[in-house]
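Both complexes below contain chain A, partnered by chain B and then by chain C.
On to the complex of A and B.
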């Protein structure tokens, strides 16, 4: 396994499309790194540049201390799982898994041993004689993963490997991927557009938007302390609520005011706002659905007219609007609420975030 | 469903119901068989109609001349004979011609398959400067009719002292723009991720070609082989121009030698023709399995 380094990497396609801009990232040994972002933000392009399938327009790619910009994919010693699985249709599962070893002229006995071991890890021992067309989607996925884990490459690259599976299989494979990561002690670079996958799998997550890294951090940091409104809105499901609010001073305390609601900030946040001169200005309030509570002090109450109530079983989601901004709250199922009624919910003021109206950057430093 | 049947069956007992079901099934089976039979008969009829000239030629080849030149319509020889074949073989060295044609068509087929598939591989999988311009250039050659270049080609090969040899029949046809085009079209539908995956697995281009690409494009290769072989087998103008001796002639030229002014025998000529179409038809029959087979079920996703 190995460590990778990307320095100022840019990618401009022949048609002038800029897919990746100034990408700087260090990937440590044994890290499970996730590239996440909306569709078309340049995740696959970044991964393909690392693999050598796409030329790097400018910048440097270092793998284990060697500059790899111009090295052909064959010589980079990486392994990749494709979204489309890329199994060879004329070869059996065994031969598919063994292919990369055969290419390397590894002795027959060792090939057999390693294929069997990989098949055992993925529980596909009984499928070894089948051809890909006789496999289900989930089985194909396992074979595709099997054919990369037989090798001991410097890093595993995976481009949305679970996106063709149904929800249940996806959850199951997610757990298995986590296990494989621990078992192999592998460096994995994993692309997904699904933030749940990112949060559950990654030891470090890189959130991208329009070809630019927004934030690279462990999952908890992304969740609790996103650097800007984009990351805050992207991570978490249902996503964070944003409301433009006024910052005002009332009764010797700092509060935020929006359409007949007034919330008092805690000491730290109030201090922070005054310091950076936001008093009397407009900012975005960001609050996650799960940071609303059924009870609390009166000064934290927000009135919400419920438009839709979604029952999830363990929780309920209340959807409504405050001053034209869609608001979603996640509450306990026994909370008395019906669509069409007005309820009071209580915001957890220690967990709110505030963002600059123009730069959309996080104002509070938690 | 069941409830509907039960409701209808309320007033008849179970035996009657069974009989009724059997009758319906029988009827359906009969209808299915009848329509199949009609289709088969129709097919046979059309096939017979289309093949009539060919079958008639085969039949003539076995007819003594006197049966052919009568006012009666003799579709089938009343006294079949191998005489025509014997005569044809005696008049011209047909065996030699057939061997020549096989050698020439075989080498051309192999050459074209190899050169065209490799060229098409570079055009569709590799990325290099001037790729599109080069491809256009190759395609542009298709617009020049072969007859336009035949004289200059003749002068070239004669200055190389190649006239009346195998290489003069084979080498100018070792590649073809049409072949490159066809292979490229076929590779276009080939999932590029298989190539990328193989490369990351450490597979070289050549290895990819023989262990992935060729097995997966067998049907295209088969189709190309049949097409090229038959074309090469039927070549006429070029062999006529560059070969002079019996040793080097191909069948299509040789067959013309059966037709001479002084002793014209139609049945003998047709016997010769029948003998030389046998190989090309058999190539087609052997190759057609490959033509039909599709290899792409389950290549990607599922």
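On to the complex of A and C.
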């Protein structure tokens, strides 16, 4: 396994489309790195540049201290799972998995052993004699993963490998991938647009938007302390609520005011706002649905007119509007609420975030 | 009521009458007539006069000339099919890239398809001319290509191969563009070099179209006529007397329509058996 390093990597396509801008990242040995972001933000392009399938327009790619920009894919010693699986249609599952070993002229006995082992890990032993056309989506996907884990490359690259699976299988495969990562001690670079996958799998997550890295951090940091409104809104499900609010001083305390609601800030946040001169200005308030509670101090109550109530079993989701902004709250199932009624809910003021209205950057750097 | 039933029963057949009529007139009738003629001795007008049963066939199987025709045809088919398929494959692979001006090359490689075999043969005849031909000029030789029994068959075969390569180029180009490009990308990352990609991906990926192309090529090669007629007239000696040309000669020079018909029937049997064999093999050999 190996460490990788990308320095100022840019990609401009022939048609002038800029897919990746100034990408700087160090990937440590045995790291499970996730590239996440909305569709079209340049994740696949980044992965393909690392694999050598796409030319790097400018910048440097280092693998284990060697410059790789001009090295052909064959010589980079990486293994990749493609989004479309890319199974060889004329070969059986066994031969598909064995392909990368065959082209390296590895002895038959060892091929046999490694293919069987990979097939056991992925529970596809009974499929080895089938051709790809006779496999379901989930089985194809496991074959694609099998074809890379038979090798011991410097790093595994995976491009949305779980995107075509149903929810149950996806959860199951997530667990399998985590296990594989631990067992192989592998460096994995994993592309997804699914933030749940990103949070559950990654040891480090890179959030991208429009070809630019927004934040690279471990999952907890990304969740608790996003650098800007984009990351805050992208990570978490349902996503964070945003409300434009005024920062004001009332009764000797700092509060935020929005459509007949007034919330007092805690000491630290109040201090922070005054210091950075936001008093009397507008900012974005960010609250995660799970940071709403059923009880709290009277003066901090927020009135929410419930439009839709979703029952999840362990929780309920209340959807409504505050001053024209859609709000979602996740509350206990026994909380008395019906669609059409008005309820009082309370925001956890220690967990709120505030973002600059123009730059959308996090004001409260915890 | 009854009339309505009858018309309902008949109407589907009315629709297929035109197609059937064309088939009967131009396909079934000549075919049956050929078999019929092959059992007779004919007069100069091609009318069946004397029933001889299998006589024409037994004459053929004791004729050295006929066996020579079969032998020459076999060699001819072998050269034409292998060379033209190879040409088509190589040109298709060369043109399966994108760079400016690629269309010019594609057109050039597909062009033989559009050339009539006899006009191509005329041009070849000039190019192969012993004194003024460009081939001898370029090679600095004085070989009499088409009058030398050693070279004549090869010359005709190579000309036919070139003529057939255009359509093969088209088939193989279509086959190549059917192979998913991400497979090559995966193979690159998997560590396969160009030769491995060719033998492990391209060839198997082409195998369905390869089979089809092979069948069409074999049938086409068996039926080569125009180039023989123009270039060598079956000569020198009988060295290029392909079976189709031999049929033509028997019928229209020697007025032995019975014998010509018998040869036609044999040619038909040979092609049919070959095709059936290949379809049988396809079930085992072709992937997917």
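The criterion applied here is as follows: the second predicted complex is superposed on the first by the 366 of 366 C-alpha atoms of A that agree within 3 Å, B and C clash if a C-alpha of one lies under 4 Å from a C-alpha of the other, contacts with A are read in each partner's own complex, and residues count from 1 in each chain.
Here is the rule we go by: a residue touches a chain if its C-beta (ideal position, glycine included) is under 8 Å from a C-beta of that chain, and two chains touch if they have at least 3 such contacts.
Note that this is a predicted model, so its numbers are computed, not measured.
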{"item": "Superposed partners chain B and chain C on chain A - clash or fit", "value": "clash"}
{"item": "Touching partner for A:140 - first (chain B), second (chain C), both, neither", "value": "first"}
{"item": "Which superposed partner A:164 touches (first chain B, second chain C, both, neither)", "value": "first"}
{"item": "Contact breadth on chain A, by residue count: chain C or chain B", "value": "B"}
{"item": "Chain B versus chain C as contact partner of A:270, first or second or both or neither", "value": "neither"}
{"item": "Partner chain in contact with A:73 - chain B first, chain C second, else both or neither", "value": "both"}
{"item": "Chain B versus chain C as contact partner of A:88, first or second or both or neither", "value": "both"}
{"item": "First, second, both or neither for A:100, with chain B first and chain C second", "value": "both"}
{"item": "Footprint overlap on chain A, where chain B in one structure and chain C in the other make contact", "value": "51-53, 72-74, 76-80, 82, 84, 86, 88-90, 99-100, 103-104, 131, 133, 147, 157"}
{"item": "Parts of chain C lying in touch with chain A, wherever the complex brings them together", "value": "180, 182-183, 185-193, 196, 200-201, 204-205, 207, 287-288"}
{"item": "In the complex, chain A residues that touch chain C", "value": "51-53, 72-74, 76-80, 82, 84, 86, 88-91, 99-100, 102-104, 131, 133, 147, 157"}
{"item": "Touch list for chain A against partner chain B, complex", "value": "51-53, 72-80, 82, 84-90, 99-100, 103-104, 131-137, 140, 147, 151, 157, 164"}
{"item": "For the chain B and chain A complex, residues of the former touching the latter", "value": "191, 193-194, 196-204, 207, 212, 215-216, 295-302"}
